[in-house]
Amino acid sequence: MIHRFKPKLYYHTYGPNEPAHHVKPGDTVVAPTVDAGGNDGEGNPIPDEMRQKAKGTSLSRSNPLTGPFYVEGAMPGDTLVVDVQSINLNRSWAYSSIIPGFGSLTEEVPGRSLLLNDPLPSKRYRWELDTKKGVGTVELPGSKVRKASIPLHPFIGSIGVAPRYGRVEMSLAPGEYGGNMDCVETCEGSTLHLPVFVEGGYLVFGDVHAAQGDGELCGVALETSAEITVKVDVLKGESIEWPRILDDEWIMTAGSGRPLMEAYKIAHVEMVRWLCGEYGFDRWDALQLLSQVGRCRVGNVVDPNYTVVAKYPKKYLPK
Amino acid sequence: MIHRFKPKLYYHTYGPNEPAHHVKPGDTVVAPTVDAGGNDGEGNPIPDEMRQKAKGTSLSRSNPLTGPFYVEGAMPGDTLVVDVQSINLNRSWAYSSIIPGFGSLTEEVPGRSLLLNDPLPSKRYRWELDTKKGVGTVELPGSKVRKASIPLHPFIGSIGVAPRYGRVEMSLAPGEYGGNMDCVETCEGSTLHLPVFVEGGYLVFGDVHAAQGDGELCGVALETSAEITVKVDVLKGESIEWPRILDDEWIMTAGSGRPLMEAYKIAHVEMVRWLCGEYGFDRWDALQLLSQVGRCRVGNVVDPNYTVVAKYPKKYLPK
Amino acid sequence: MIHRFKPKLYYHTYGPNEPAHHVKPGDTVVAPTVDAGGNDGEGNPIPDEMRQKAKGTSLSRSNPLTGPFYVEGAMPGDTLVVDVQSINLNRSWAYSSIIPGFGSLTEEVPGRSLLLNDPLPSKRYRWELDTKKGVGTVELPGSKVRKASIPLHPFIGSIGVAPRYGRVEMSLAPGEYGGNMDCVETCEGSTLHLPVFVEGGYLVFGDVHAAQGDGELCGVALETSAEITVKVDVLKGESIEWPRILDDEWIMTAGSGRPLMEAYKIAHVEMVRWLCGEYGFDRWDALQLLSQVGRCRVGNVVDPNYTVVAKYPKKYLPK
Amino acid sequence: MIHRFKPKLYYHTYGPNEPAHHVKPGDTVVAPTVDAGGNDGEGNPIPDEMRQKAKGTSLSRSNPLTGPFYVEGAMPGDTLVVDVQSINLNRSWAYSSIIPGFGSLTEEVPGRSLLLNDPLPSKRYRWELDTKKGVGTVELPGSKVRKASIPLHPFIGSIGVAPRYGRVEMSLAPGEYGGNMDCVETCEGSTLHLPVFVEGGYLVFGDVHAAQGDGELCGVALETSAEITVKVDVLKGESIEWPRILDDEWIMTAGSGRPLMEAYKIAHVEMVRWLCGEYGFDRWDALQLLSQVGRCRVGNVVDPNYTVVAKYPKKYLPK
């Protein structure tokens, strides 16, 4: 069954909020997302009454989320399977910016200063998107080239479920529930496995990026809106601790934490466990093989937790 | 001019040691390297009198280095250019191992314990190398698959110059002088730029890996021997702070430090500076573009400093 | 006015939960706390129906909190002042333990493993408390001394207000709202300043430690119960970002974060701001003076955030 | 025997440099030190020919060291004992400064920038020292108070031996050999235990601070000159891994590393080992006790490695 969903309320939290819609395992959801700043496919800001009330700073109002989708029969200890079937950019522009006190080359904590240096200037960039050609273009009046064009590779920046404890009150934060991992791997054609911590799972997504470099260095990617199609399923009785991602080429684990090395460790320990649990490797053999053929990619180094994705090539798995 | 060099002494330090050979800008050097444990192309350990005397633990005798090559005319403030023309594996096997108290999923400091947990077991893996097919194979008797094969992608684990201050007394350590960066990018076809801190530069290299995953997770790659061909040149009066690498597709900067985030920051700040200094970008525009098209790769998270390589695609540079 | 409060429900979250009691600025509260494991002054575990429902692992049920106290007239942007007038230990024993996968010499993340090493053994220690003499004694049958006695210095491990965003769903976590800072400075005779983020403040406290070393190394102090007396007041229109503590000798700021260096930086940047804002120092002069007479103390290196307290001696403040 | 030593050459490295003087176990050394910038007791800069040649930046010329003292009979595996009998400040002023790109609230790596923010301003402070009253006074023209006075507590910032491997080419760096730990505990009345890695030990010291806050926040303490008296001895066949310090009240271990948590871990793991090895504690009992009565102090968070001192009170040791 295909659900064409139109949000009435966008969320700023991961958690068991009032379900926006109920779906069954095997169902498909088609739904729009707004950009990290809350602008929709027309480029209009969503009105305040369409946002979950968020206390605190402007950062707590970043990344409005579509959902939550209550998945019938998803119980704690199950795994939620999310096939990302398509991400259709539905607008001709994206924005990015440089924000004082934000981003990995300034200070490491969103919204608080850890330095006595003066902060970076505030700057905003508008990227024109040619979604047919898959190209984004930006004006750079301060530079010798006056303009730059780069390829688009749209992906979902924030996708997650209700966490183990209550609510995560900031859609900007990634964790074991997924969330704002900002990893390029949650793209069209990928399948995401998320732990079900709470009955119904409470799937949400948003914050599509038209393009982003590894680590999301300055803290802001090509922020835009899209129409997302995902197919949802449940693996009964199969329990995982952290998000997993699969595509044609790789099995992947996503770890989020601070400092960066913690995210690296979580992802790799989880991958060793996956190799042992599902593919019959001895613990040390799994470590040895992963050490030689593993790849990893830094999702973000700017969010409240950093995200690292560990990758093991499918072709070196036992059949 | 082509120099066929045969080492009489392998070094365990980066620094202005007695030059093994003098070369001129434009010359080519062909020279063998031994593996990280000191075994040569025949599989024989090099005798003690062919090693620089190294005080301390067994780790200080890891990674014997070929050289140093004194480059005529290379002065402090110049840049040394090293074209890696070929890396010919000259042996049919490599080793890897799991070492108690070493590697990123146990304890983070080579040779010292930071934990009260009991250490990992000590294990050794022998990899058979089919260098024609480019395949490495290992026995895994403890696992359901009894054997695994993976592709080879040989690269130089350790390559560097004399550091800013005296000597680095452990060939295992990477830094602003290059060294044991363990990054897969220092491979055939790449060009390395290294800062000249000391007259003559004092180029050394060794520690070839037949393959390695991102981060060198367990601390030991497919350690083997090779014959290396490099062409050496000097950029007069062009000063850099950290190693740079170029290949057909990317310009790259390598940062080494601890914690991991420091290596990430060094590499990316250096890349922003490169983009501004050589390509006419404004500082904030460079940050913006790098944030959107940059890739990065984790070299190692096991050596005394960790290494991160920041990558910017050549095709999005101004002509 | 003095409120003798008897909890009906203990909380596992910081946030605007149903107020347990309303107080006015200037009022005094006398209330019991249970230990980190939920045992009361009689040594009996509180029944499940007296605990806020906490989802997730056993760690999310640690540190049950007394309160919340709604302070009339406390508005966002004000500062809540809490005089700790007394901490009366009301039981003759405390417990401590060594927990696999917990504590700073094993793995750094409560409830998740980042290592492949085997975990520490699980051990429990019972400390007899002589509250008159101020001495705690423990049996150590595995050691040459069979018994050890140490001095008691009771303090409140967890004390905080509702955070900036919604709820913190784990009473184990410290942050800008205070919380489980586990710093020895929140003791009898100290005055705590906490930012008011939410109308009413929502003060909670609990987790009294009869003694604890710097950093709470193994993750568990001398966990016990007490009767607490605090006087509550409000500084109208005086806004602070992080907890501050004052005693006869010091003004102090408490920063919580990860990695440890982040907590150190937060505390010290806050102290520089305090010195500039309230005492008329130039930014660089404040940095210079703090660099020469500052003391700092590590609260904990085991909780979800680490806590560092920066201290500036009152006697070197301008009158 | 008492050696009154007058340096002819000040060193910028820890290592087996040409011994300046030979001493025997039990001998006493009386020797001057210059300040971190190389100014002697008259306030005059030492001439260039009295400095070991140091390559590189100005930082590599910081902290000129007095020595090395070759201790007859000190063999690898022994422990060098250094009683700090007196530290006589011999000048009426000290300097401190704020240095762009240096210090813990700006950027974490001496001499290299990890940020895109503009650096701090460069400022110099002159402190007048009243050594009789033990008071230092500084002008603060930018602040409401125009002047501040603080107590002096002189200690040796840099004291160490030849390291395990060759030379440490920067006297600014602390490590397992001691070095620039900048911990206030190496003061008059303390006894330092240093591992002997190289025959003769090669003791050096310098960089006296008239006062310093925990962590040496801005990177520069009250830098001054002194006359030092130390008594040197050797514990034959007693091997230690990291520096230890003893005074009337505490046994202490000093760990140096990065990130800060690594220094904390080294110091505490070493203390657990000391408690087990010398005092007959079981490993877990030692961890338990240290967790309850341990104190720790942050030496520095600005040098190439950070230093943490773990402290265990003598009065809770078995007799």
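We just call them A, B, C and D in the order they show up, numbering each chain from 1.
One rule holds for everything that comes next: a contact is a pair of C-beta atoms (placed from the backbone, for glycine too) under 8 Å apart; a residue touches a chain by one contact, two chains touch by 3 or more.
None of the values given here were measured: they were computed from a predicted structure.
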Subject >> From subunit A, the most remote chain by mean C-alpha position >> reply: D
**OP:** Determine which of the two chain pairs, B-C or C-D, is joined by the larger number of C-beta pairs in contact.
**Re:** C-D
Original post:
subunit B to subunit C: how many Å between their CA centres?
Top reply: 47
Original post:
For subunit C and subunit D, what's the span in angstrom between their mean Cα positions?
Top reply: 33
Original post:
Of all residues in subunit D, which are in touch with two or more distinct other chains?
Top reply: 105, 108, 114-116, 120, 259, 265, 269, 272, 287
Original post:
Can you name the residues of subunit A that touch subunit D in the complex?
Top reply: 105-106, 114-120, 259
Original post:
Can you name the residues of subunit B that touch subunit D in the complex?
Top reply: 13, 54-57, 60, 108-109, 112-116, 163-170, 176, 197-198, 241, 257-259, 262, 265-266, 269, 272, 283, 287
Original post:
Along subunit C, where are the residues that touch subunit D in the complex?
Top reply: 96, 98, 103-105, 108, 120-121, 123, 125, 136, 138, 140, 142-145, 148-151, 211-222, 259-261, 264-265, 268-269, 272, 279-282, 284-296, 298, 301, 316, 318
